[in-house]
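Both complexes below contain subunit A, partnered by subunit B and then by subunit C.
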Partner chain A sequence: MDITVKLFATFRFGRFAAATRQYPPSTQISEIIDELQIPVSEISMIMLNGRHADPDQRLRDGDSLALFPLVAGG
Partner chain B sequence: MNKILRVNMTTLTTGTESVPKEWAALGGRALTSTIVAKEVPPTCHPLGENNKLVFAPGLLSGTTAANSGRFSAGAKSPLTGTIKESNAGGLAAQMFARLGIKALIIEGLPKGNNWHSLHVNKDGVSIAEETELIGKGNFAVVETLEKRLGKKTGVITIGPAGEMKMLAANISVKDSDSKLRSHGRGGLGAVMGSKRIKFISIDDSDAPGIKLADPTKFTTAARVFAKAILEHPGTGQGLPTFGTAEMVNIVNEAGGLPTRNFTYGRYEGHEKISGETLRETIIERGGKPKHGCQPGCIIQCSQVYHDKQGNYVTSGFEYETIETLGANAGLGDLDQIATADSIMDDIGVDSIETSIAFGVAMEAGVLPFGDGEGVLRILKEDIGKGTPLGRIIGSGAGHVGKVYGVTRVPVVKNQAIPAYDPRSIKGIGITYATSTMGADHTMGYAVATNLMGVGGGIVDPLKKDGQVELSRHLQIVTVMLDSIGLCLFIGFPAADIPTCVPALLDMLNARFGLELTPDWIGGLGVNTLKTERAFNLAAGFTNKDDRLPEFFREPLPPHNAVWDFTDEEIDAFWNF
Partner chain C sequence: MDELRQFLAERAENGLISWASQVAAAERFRTTLAQVEETALLLEILPARYQRNRQAINIAQQLTLFQGVVAVAGCGGLGGYIIEELARLGVGTIVAIDPDVFEEHNLNRQLLSSPARLGEAKVESAAARVAEINPAVALVPVQIAYAPKNAAQLFQGVQVVVDALDSVSTRLALSDSCDSLRLPLVHGAIGGWFGQVVTQFPGDGTIRQLYSRWVEGKGLEQRLGNPSFTPALVASIEVAEVCKILLGTGNTLRNRKLSINLLDMEFEEIRLDGQDKAVGQ
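== the complex of A and B ==
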């Protein structure tokens, strides 16, 4: 299935900003995090199609996954 | 800090008073709100002789506590009609604190057409007539005063917008680079303009300085406090690296990025105005990706932005300005937004209010969405020069909506809603609705918990559950930050790093010889919020004003989220 993976802030360093990649059906978010070698402790936000998601959620074809490290704003 | 300076602009006299006992444990916002609530009739005209403009440093301002240099300005707001406190970085808080000044209270209204300035030094405050700088922009004021009074002079100034009493007029404070930080929200520049004061200069030579009750205890606690700030990933890494503009991509992903006057929650050009792009651009052009708004800042969330030729354009280039002009008004171009930011600094208008006002003006057809050249022209030729169009836009989003018959007007208590759509980030919606100051994101920054889980885990931004409790908790705690003179981002380590708040209390106790305990924080917050609310109720506000505009019941793409709190659910906020 096709999954669009979007990385932000420091997660882009040495990786990419956005990429659409092929994954087996029912891949878990945590498997993608591991594949990208992103330390789980550094992730502050996982968004699946714009909504908060947990690492153990399974993905479907066409999903959009976004990973953010902790930043802040105002 | 043992002096209250009082200036009477009707009689053109000044005086120094000792601090009344009931104000001794107050600073910053807790002090300005207490003074305004006590001395300003809630039904007065905000531009008349009965309003007062109060400046106060925070309780820890002037010490070596990191990030403690925020300065508070308070009055009845001419934009909202509510009580108002607005705070800013820059040099003024620390200079006032070193001079022993707990508050400066400006009252009355001069007769006649003369303009004035105030000068604050170790002997108190004096009034002078001013002619040369009237009509000049804020940058010229700072430059001229440095020539007149020396490079180290402190400056508090209003631009032409404040002189013209526009409701989006801000008050600016000189920073250590001789640039400007702003008391942005609520039109306090118009209050200073109504009292015909163009600027306040500050000379802290031979100042008595800060005397700590227990210097050793203070130093130890200050070290623990600084460590906690650096340890938190938000304040220690995220903000210094990408600044507040990092929120563009976060809020866009969450579907809450106001776009084309709050009609969409995502902006197709978000990458061009993102924190990532801002950082790359700044570094490429030799600007500064890290910058502090006050001496002693160890977070450095701000930045200095240069143009393609490597020349300075603006500093203090923040998420709110970038988002409200870039996505909500559709400019989509950092260079244009930076130029606009610089003009707004110079003419002295709130970049949030003015940018949202442009979004409403665009919906009204005054200029097209995305017309950056039009925005720059209107800023310079209309707002800067006080044409009727300039006065309309310079009086804020609410007035633009009324004059042009627009219904999609994002304001609460007539103050513009900042760069987060409350339908997709419901926690901030409760803050907008219930804040005693009108729509304001800093009063209780629920965005951090709704999106990033700061303070114990994510509270789902698309659901109502837990939002009222969250906003209430944050609004109470934020009073403490606003009263101690602390940068708002201290809220992150305060929520997540267990050593932070104890160190803060230790510093307060070591500074003043007190024995405050953690429940002091809640007490200060509750009392100040109730004082502010009582003022508003006496001014004529009711619970019916704690509401978001009707159009927020329309679905917002991409989530088709709606604002669906009932009146009773919102009113429950005040059950404390």
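== the complex of A and C ==
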């Protein structure tokens, strides 16, 4: 199935800004995070099709996943 | 008071009153520059220092700003620029909250810092700066850390709170305090080339959404640091939000996060549905 993955800020470093990628059916969000080697502790917000999501949620063909790193400096 | 009004009306030219006349009025009538400014604005006489604000901000709005009370939590990278801009804008009372003193590593970006001010309390530098650039504005220095237990006292009479803090746990606590005190909160955060701004009204819960996965620790700013331009930009957007809230005009970043990427020069709006509470709440 096709999943569009959007990465924000530092998550793009050495990866990509946005890409539509192939994954096996019912892949979990956490599996994509692992595949991209993004430390879970650095993720501030996960959005799936514009709604907040948990890492254990399973994906469907055509889903759009966005990962945001923690930004908290002042 | 009638004499003050008459004095200001006589000194006004084309609806403007000069700074020299404001100072002369304060001395002659033994009153404060703040009182002179409010009296002038009530007479629909614009202090000449604000003449480039109009037509963006009209005289009635300038009076509203002057009667406004804004608290700035954190007087570092973001807070310094926010205070500067609020004072120049003409917001009448600014409550500046920060327990820290300036250190050398602040000099790359913190507007109120300078070599001569190293070791000085940030809120005292803020008071000195505001007294220099707009003496009609009251800067209330509060050299303590914001904490939930002092929120009610810190924010007494405050209309808008600005989040210029640097820790997630304190930001979340501030968000909760503003919620329970029914105060709008303008959130800004920075790290390296990146930043974000959200305006939260009571009950929105948007700041908790931004950090819904956070468990502990700092963000990407810990590795990337903060160059000079990111705080200036994010602070300016925060001040524009404060201005609109005080004036009740325009559209704010309510229920939407402005995600800023200065490395790729991308500004992206992320919708945060007010009904879509953070996962796990």
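Heads up, the rule we're going with is that the second predicted complex is superposed on the first by the 71 of 74 C-alpha atoms of A that agree within 3 Å, B and C clash if a C-alpha of one lies under 4 Å from a C-alpha of the other, contacts with A are read in each partner's own complex, and residues count from 1 in each chain.
Simple rule for what comes next: contacts are C-beta pairs under 8 Å (C-beta built on N, C-alpha and C of every residue); 3 or more make two chains touch, one makes a residue touch a chain.
Just so you know, these numbers come straight off a predicted model, no measurement behind them.
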Which superposed partner A:S44 touches (first subunit B, second subunit C, both, neither): both
Which superposed partner A:A19 touches (first subunit B, second subunit C, both, neither): neither
Touched partner set for A:A53, first subunit B, second subunit C, both or neither: second
Contact residues common to both interfaces of subunit A (with subunit B and with subunit C): 8-10, 12, 17, 42, 44-45, 47, 50-52, 66, 68-74
Complex contact set, residues of subunit B against subunit A: 233-235, 237-239, 241-242, 244-247, 249-251, 253-255, 266, 271, 275-276, 301, 318-320, 441-442, 445, 447-448, 451-454, 458, 460-462, 488-489, 492, 558-559
Complex interface listing, subunit A residues touching subunit B: 6, 8-10, 12, 17, 42, 44-45, 47, 50-52, 66, 68-74
Subunit C contact footprint on subunit A (complex, rising order): 8-10, 12, 17, 40-47, 50-54, 66, 68-74
Sites on subunit C touched by subunit A in the complex: 74, 76-79, 163-168, 171, 188-196, 209-224, 226, 231, 259, 261, 264, 268, 270-271, 273, 276-280
